Amino acid sequence: MRHLIDFGDLTRAEWDSLYQRCSDIMDHPADFMDACRGRVMASLFYEPSTRTNFSFQTAMLRVGGTVFGFADPKSTSTAKGETLKDTIKMVSGYADVVVMRNPKEGAAKAASLYSDVPVINAGDGGHMHPTQTTADLTTITRLRGGVDGLSVGLCGDLKNGRTVHSLIKALAKFKGIKFFLIAPRELAVPEYMRAFMRENDMWFTEVTGLEAVIPQLDVLYMTRIQRERFVDPLEYERCKGIYVLTRRKLDRARKDLLVMHPLPRVDEISIDVDDDPRAVYFDQARYGMYARMALLTDLANQERKKPDPVEIGTKPVCSNPNCITQTELYLPPLVKQNGGVDCCAYCDKELR
Amino acid sequence: MRHLIDFGDLTRAEWDSLYQRCSDIMDHPADFMDACRGRVMASLFYEPSTRTNFSFQTAMLRVGGTVFGFADPKSTSTAKGETLKDTIKMVSGYADVVVMRNPKEGAAKAASLYSDVPVINAGDGGHMHPTQTTADLTTITRLRGGVDGLSVGLCGDLKNGRTVHSLIKALAKFKGIKFFLIAPRELAVPEYMRAFMRENDMWFTEVTGLEAVIPQLDVLYMTRIQRERFVDPLEYERCKGIYVLTRRKLDRARKDLLVMHPLPRVDEISIDVDDDPRAVYFDQARYGMYARMALLTDLANQERKKPDPVEIGTKPVCSNPNCITQTELYLPPLVKQNGGVDCCAYCDKELR
Amino acid sequence: MRHLIDFGDLTRAEWDSLYQRCSDIMDHPADFMDACRGRVMASLFYEPSTRTNFSFQTAMLRVGGTVFGFADPKSTSTAKGETLKDTIKMVSGYADVVVMRNPKEGAAKAASLYSDVPVINAGDGGHMHPTQTTADLTTITRLRGGVDGLSVGLCGDLKNGRTVHSLIKALAKFKGIKFFLIAPRELAVPEYMRAFMRENDMWFTEVTGLEAVIPQLDVLYMTRIQRERFVDPLEYERCKGIYVLTRRKLDRARKDLLVMHPLPRVDEISIDVDDDPRAVYFDQARYGMYARMALLTDLANQERKKPDPVEIGTKPVCSNPNCITQTELYLPPLVKQNGGVDCCAYCDKELR
């Protein structure tokens, strides 16, 4: 692996190998204290995301590397008036690995075309956030010994949740997963995700209530329901309590359930759940740091390499207004196939 | 010591031991270059305080540790919409020690209830700033060989000065201190501080002029007088010059006087004093860094430990509008006794 | 060398020695991984300059040092209400070397008067930016084996370009340089630069077109032409295309030409030039990092030393509204001679 743009870029074998290194780091952190000694990570956050930013920074520091970058483009001169290409050429001249968060979909893919060093996608708009998925899988694997065969409840806004969609796709690499998709009808999982699960022979059921299914779960992945996602505010008021996890609802759950959340939470998990041993969402953040340590020991130690020249584009690849090709017109007009359909190779939107 | 929230948490023996380590570091800095190797400090500044922030950062770097964090919450996504508890759970998962500056009184105490690692208070509103006090005591001890028996002049706004009150309390751990409290009547030391000094058998006298007492002092601790603290602007104009230290006023002072100031100064010390060997306020900043190095070699090397669960609160503990319990309602309703009086365990305000 | 304020402070022998170290670092980076171990760099950017800031930070990290500072004074409390002197006294107490960018001309010189450690000028308004010049010379020397005898084209806004003026002055240390000054008449090199070249027996010619001279060049140094520099907007429209470097214009250039640019570019170099092997502007940024590494291994390892006391000033030295002495009135009234003329020792403006 040269870059990590999308978790789907990893084969199952690559994931297993990444997790193995992560596990070694957790068991013997002192052995990895100098794994990235002399290596420098660029941390380019074109929008604030303190949690992800801190996780990457501490990951790099804990394997002996160092960090520079910006946490918010408002305090930089680079972000304005310079193409993404030129910024990446400059930064990849200084750094051994580039971590980038960007509000535009496909920005990390675009950066990878010009970078002399590996690029890690730390979130590109509503598109991908692969290291959140590595954090999630690391947590499950570490605490349950493996992922195969688990019953996973996904609860909350399953329509808009990037995290949830990535997790479903990632779990396609494993066997015997059963999904319990728990959401209000307005925020049910999109049809293309259903198609994905069917294509991959994944078992799933959709329900609107949490309480009925909670006893069957090995993992309960909570996400936030935002009021503004509802067309009908009365519908929001009617159903919000249903998707709040309380200590009482946990009474009927298994003793070895894992309650997970990508954080930050608002009120979808009651504070009295925090002291329950099944509440692992704060540990999950820490496992995310270990997963990033494993990733960086690989990617920050690769050879510098000038990428091959690419075609110079002149117009956006697709019509998605949030696609990076809308603003960086010189990007090459790359197309890829997703399930036999032509899609933008940056933002994955279907081309018409 | 697990956390440093209030300098009063330290016994005299703990202070002596901390100073001894600080002294060792000043004499043999190379011996401590790796004292915090592999350790990571979180630096959470919920309000800018560049001087304190830089001092902590360089302290950690000089003992071989590393640093991440924010200097101003405006450029973070964490600060908003997340409880202090959740931020601390996350950050203490990444870090080995947490340094926090927060405008709310009691914030550091609150953080310590949830942190898996030691918390250091780098200032919580107008409440406490214990590492300023360690900087002050280190300066005096280093340059005068000890603190016992010194005549200490405190000059300026003695009514509102957190620094001055902390220093008076800290000096109660030593013997034979004489205080010369030099302030305009409007800004004299508050009655509860007078009560404190009497209870602790500390000698003090209150005067309104600097020149008359300057020959008697071993230490002159200057602080700023802010115009807006005066009810009567004419009174400000009348008295401001009295509290400005000039080279001329220093003529009658002892040859081994220490002129100190927590910085930044505005004009309460004339610039022509800077080159006088008795002016040690810039050295004081450097001693503050050494004191923080000593503190971090202890606290950043402690074992991670999940804190015991605490009660879930539902309302503010006290009526102080700046108390952290006003906004973080889940904090447990903790009460402590100060001199036999029930006080808020976060902000120390008397309960009624 | 104690401080680097102006590239002119370096003798030719000092430059040769600096380049030699830089060359050693490029050839054997691992030998310098600990060259600044235990040393701390303060990075004080009073205006954002992400590129320069990143270059200095990564330079320090790659020689084993560490970094603290601010990237933008808006997020600091230090910048406001404190003199530059007091900030520098504080910061130089914490750091081993201070890197400063400041919008005021002469700010770095002013800082050097009070600092206990070496100061490096990372740009002081429109005045000096000596490490850009070290980056430029390093690039040429590395890629052409030396600087003597080269034909150097300087193209774009030669009237206002600080970078270009510094480079011309720096090249006076070398032999047999031929300058081709390529600019619209409105933006030709100023008369005092012509005088400088004549005094130093430097060969130069001024032309208004790029295409005619390009075949004669060893180095083509491109700079940006800003629309707002033109009195007559029609003149801008008429001539802007002339100064844009395209792949077609490069056809007639030498095979070993170096195309350089201080970056960021806007559109003065067409994107299709980037993949031409003669386009070295991105490498130039990387060479700048190596040059800063060489500089820091020297300056960050010097002994701390309190500077000698200086006179206390009371008014600005000169009438330049951007001179640091306009706002920091206590600065000593220093005058120096440039070519027999009395000039402000801070901003180099002629005194009248």
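Residue numbering begins at 1 within each chain, and the chains themselves are lettered A, B and C in the order written.
Methods note: contacts are C-beta pairs under 8 Å (C-beta built on N, C-alpha and C of every residue); 3 or more make two chains touch, one makes a residue touch a chain.
Remember, predicted model here, so these are calculated numbers, not experimental data.
Visitor: If you fit subunit A onto subunit B using only Cα atoms, how far does it have to rotate, to the nearest 5°?
Guide: Nearest-5 rotation angle for the superposition: 120 degrees.
Visitor: Given that subunit A and subunit C are copies of one sequence and touch, is their interface built from the same residue numbers on both sides (over half shared) or different ones?
Guide: At the contact between subunit A and subunit C, which are copies of one sequence, the residues are largely different (under half shared).
Visitor: Between subunit A and subunit C, what distance separates the C-alpha centroids? Give it in angstrom.
Guide: 41
Visitor: Where in subunit B do residues touch two or more other chains at once?
Guide: Residues 66, 75 of subunit B each touch two or more of the other chains.
Visitor: Touching subunit C in the complex: which residues of subunit B?
Guide: On the subunit B side, the touching residues are 30, 33, 48-51, 54-55, 57-58, 61-62, 66-67, 71-72, 74-75, 263-266, 271-272, 274-275, 282-283, 285-286, 289.
Visitor: Okay, in this complex, where on subunit C does subunit B touch?
Guide: 37-38, 40, 42, 66, 68-70, 75-79, 81-82, 85-86, 89-91, 93-95, 309, 312, 330
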